[in-house]
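One chain, chain A, links the two complexes that follow: it is found with chain B in the first and with chain C in the second.
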Partner chain A sequence: MTTKIIELGPHQLALEEPMYFRVRLEGDRVADLDVMPGQVHRGMEHLVMRRNLYQNITLLERLCSLCSNSHPSTFCTAVEEVAGIVIPPRAEYLRAVADEIKRIASHLFCCAVQANAIGEIPLFRRVMEIREIMQRAKEAIYGNRMDLAANVIGGVRYDLTPEAVAYLYQAMEDMKKPLDELYLQFANNPALMARMAWVGVLPREAAVECAVVGPVARACGIDYDVRKKSPYGAYDRLDFEVATQTAGDVRARNLVRLAEARQSVSLIEQCLAQLPAGPLCADTLPEIPAGEAIAKSEAPRGELMYYLRTDGSDFPVRLKWRVPSYMNWDALKVMLKGEPVANIPLIVNSIDPCIACTDR
Partner chain B sequence: MTDCAETMPERNNLLRDNLPTTPLSPRERVPEGRVRDAFEDGVAAALALAAGEETTVTWRRDRKGVVTGWCRLPSGEALLPAARAVAELNGRLAMVTPYLPERAREKGEREIAYHFDLDGATLTLTVILPLQWARVPSLTPIFRNCDWHERELMELYDVQVVGHPDPRRLFLDHTLPNAPFERLVPYSTFTNAATGKALWDKVLAGEREDA
Partner chain C sequence: MHMQVEETAVEPVRLFRINTGSCNGCDVELAVTSAVTEFDVEQLGCRYTESAREADVVLITGPLTVRARDEVLRLYAATPRDKVTVAIGVCPVSGGVFRDSYAVDGPLERHLPVDVNVPGCPPRPQALLAGISEALAIREARRAGVEPSRKPKQGKRPNADNFPARGRLSFDAGACVDCRMCRHVCAAGAIRFQEGEDGVRLTLWHNSCVFCGLCCHYCPTGALSVTGDWRLDHPASDTFRQVERGEIPYAPCSGCGESIVPAAPQLLHAAFRRPNPEIEKLATLCPACRQVMSIGAPRR
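Up next is the complex of A and B:
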């Protein structure tokens, strides 16, 4: 059997961001993999230490487009923890609404990209059409299709008027049937089964060893969701089940995402129904004292973690964050081993990789 | 380590004993160190056994009942046994944060914080290292996912990770100076984004190589 080394870039992998792989092939099967990140390294951990805490909210929202609400909201939570700031209950619910809208849009984008990767163009279009309901909702409520600018230290900087609540209720109603149909299609459609079932399998033991998080972990039967394990914001008052699968293949990862998107619809409806009256933000903010804090959230791709250390000034001594994709790349070595070359783009996209987040 | 493992409390017992707590009312803040229960005592005991009796953990619980533990290790040598103890408790390495606080730098010290997830709780082990010739053991034999964390640590800071299986640079171009977080490096150089003469020299040099 011939051994060959090939290099694959974003063009071959159907990625919308640059990441390179050096793949060792035995015949036409993958034997080993080296991931080569750093193509969009922007030195953001360097930049955040030269901006004050308030400027960093804006900067962090521009770290990544698909999880652009998770970064500022988790960063704000870390600052609030250091300073002992309690955000108003209405703001907790509004942060959850923004996070869940982003989660639905992100999960659907991932499923659409995978449909595209296997040549199912009508399905790609259909998923993007459904996602468009969420894009329009973002534009109507926040004024932007990607960066929502929803967070400030101490709360949020947007409100939902009764008219906006009614609009969101209708948008959620419009999502239910298409999401249910999509779930059934990804679960049972023979054409999708042929390409996605038993492909790119990550066994549970390997998932634990690689320390993967988010839908990649939950598709292997690891019942871990930060919203349940370390509740934050309004999630301790919202009712939902952690979506899990056990097969650990591409299909299972997509079923977890689609089940979560459907749950997010329910979570948004619960938030709208429970939305308490009151202020949007703490009325006065204390000086940020010296201290350190950890803040975690469940971003669309999994556990997002921030560590903040302050010295009493407005500038962080250190602000470090670890995105969910950071560990998920390593798991590709397990998922791709023994797979034919033709499956590489699909399997890479099935971990919903975020390169802007990884490189920072 | 065998002795430690035998005397360590069972993880499942720790979780079972860690009964759900009532969330605190708004504006109520529990003073550090006041929150104690079986889970926290068990983790602290395991760390003290592994890393030395002087190892203490300070616990904080937020308004939602989420627990964070903070532990400063007495020496760099204590890191490996402490990490093994965390692995025995089914801990997951979540993040590694190296940093240079001004106060530590004045004392000729630097710090690295290792953050672990313990089923929703976060435990941070901080090691204090000398500013010059800092060395830490690689945790990759215990936590596979420490690989990238340590590669990033090595390229951004003047810290040697002993025993790392693949100590190549992770994100930074090989032409950049070592440890840019400890030096004054122009941002555009740091991110390889300068569009001045230096960039064109590099492009032309690349073309010559290709030819």
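Up next is the complex of A and C:
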């Protein structure tokens, strides 16, 4: 059997972001791979220390645009933890609404990109059209289709008027049927089964070993969701099941995502129904003392952790992250081993890799 | 937004994308223009290509990271000589929120010529299509050997539609009290204050602004506001003309005559809700004279 080393870039991988792999092939099968990261390294750790806590709300929202709301909301949670600020209940719910809207859009984008990667163009377009309902909702409520600008230290800076609540209820209603249909299609459609079932399998033991998180972990039967394990914000008052699958293949990962998107619809409806009255923000310009805190949340790709250290000034002394994609892309080595070259783009996209988050 | 480009109905104009290290916001929105019928670049007679050599229009996203630079320049060098280059989002133009990082090697113009900028963070698909249309007009003009027309956008340029998309910022100098909170919270360094002879001038550059609206949120008097005007695409030669500015004139303190920035009525309303004539006198006093008025002597 011949051994060959090939390099794959974003154009071959059908990725939106620049990610490069060096793949060692035995015959036409993948034997090993190296990720060559860094293309999206913008020096975030350096930048956050040169921006004050307010500037960092906006900067961190642009750490990655697909999980853009998770970053500022988790950052604000860490700042609030340091300062001992309790955010108003209405703000907790509004943060959850923003997070879940982003989750639906992010999960659907991932499913769409995979359909594109296997040449199912009509399905790609269909999923993107369904996702547009959420994109329109984001723009109508927050003023931007990607970066919501929903969070401030101490709460949120947007409100849902009764009209906006009615609009969002309608948008959620419009999502239900398409999401149910998509779930059935990704579960049972023979053409999709042929490409996605038993492909890119990550056994449960390997998943534990790689410490994968998010839908990648839940697709291997690991029942771990930060919203359930250590509820933050409004999540202890919301009712949902952690979506899990056991097969650990590409199909299972997508089924987890689609089940979660459907659950997010229900979570948003619960938030709207329970939405308490009251202020949006605890204090406009709170004093942030010296201290340190860890905050975590369930971003669309999995557990997101923030470590923040302050010294009583406006500038953070240290801000560090653990982003979900970091562990997840290590698992690609296991998923890709023995797979034909043609499956590489699909499997890579099936972990929903976020290069912007990981390279920072 | 239906624009017919006649000659290209036969052969589509090919768009080629280069990501120079973006947060993926612009790239995801560009993906929308290849997938969603309402925003499909097909309506402009375009289609996307995966081959640099086929590029008629190059769309560039991201702040240009040091790590991506060589690959970006290699790809760009492989594109044909007569392509039109479009910078998508504010990152390629100024670095946006990522400016001043050791890992960023922008602005893009230092490395290659740009023809059109499409500010936004990210620009909405309608803005992307408007920017691509502008690139097509430049391409047509170049092929015809004429100067690209400079005023296709005037006249029926849509200011805002019924969607409250965050667009151009508007500054009301009459309400500004020179507290500079806007500059303090601006992650992209888009706001500058300059002290002149007669007053303080605020300049906000829309090629650095990321339209997050945090300045407006923290502005105590509502002097800065976000408008729904999202049509910000412009020829790269106009890069530095995309500003919002205003001058807050100095006035003499009614107590001692020293030059001060008087307190705007909006500030008095924010502080006192219903200011009486006595409170209104405070507006034209300098801090020292205010202290004399309220506590009898300047505070040490």
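Note that the second predicted complex is superposed on the first by the 356 of 360 C-alpha atoms of A that agree within 3 Å, B and C clash if a C-alpha of one lies under 4 Å from a C-alpha of the other, contacts with A are read in each partner's own complex, and residues count from 1 in each chain.
As a convention for this text, a residue touches a chain if its C-beta (ideal position, glycine included) is under 8 Å from a C-beta of that chain, and two chains touch if they have at least 3 such contacts.
If you're wondering where the values come from, they're calculated on a predicted model, not measured in any experiment.
Of the two partner chains placed by superposition, only chain B is touched by A:Met305; chain C is not.
Looking at the superposition, the partner that touches the larger set of chain A residues, chain B or chain C, turns out to be C. In the superposed model, A:Glu81 makes contact with chain B only, not with chain C. Look at A:Met128: by the touch rule set out above, it reaches chain C but stays clear of chain B.
Looking at the shared chain after the overlay, A:Glu16 reaches chain C, while chain B stays out of its contact range. Contact with neither chain B nor chain C is seen for A:Ile153 once the two complexes are overlaid on the shared chain. Of the two partner chains placed by superposition, chain B and chain C are both touched by A:Arg42.
In the superposition on chain A, A:Phe109 makes contact with chain C only, while chain B stays out of contact range. Overlap of the chain B and chain C interfaces on chain A: residues 38, 41-43, 46-47, 359. Partner chain B is touched in their complex by these residues of chain A: 37-38, 41-43, 45-47, 81, 84, 86, 209-211, 226, 229-232, 236, 292-294, 296, 303, 305, 307, 309, 311, 317-318, 320-322, 326-327, 329-330, 359-360.
The residues of chain C lying in touch with chain A in their complex are 19, 21-25, 27-29, 31-32, 35-38, 50, 62-63, 65-68, 71, 96-98, 100-104, 121-122, 124-125, 163-166, 184-188, 210-214, 217-218, 226.
Across the interface of their complex, chain A is touched by residues 23, 26-27, 29, 62-66, 68, 70, 92-95, 97, 99, 101-103, 113, 115, 117, 119-122, 124, 143-145, 147-148, 156, 169-173, 180-181, 187, 190-192 of chain B. Taken in their complex, chain A has these residues touching chain C: 9-11, 16-18, 38-43, 46-47, 50-52, 54-59, 61-66, 68, 109, 112-113, 124-125, 128-129, 132, 135, 139-140, 143-147, 149, 152, 157, 284-285, 354-356, 359.
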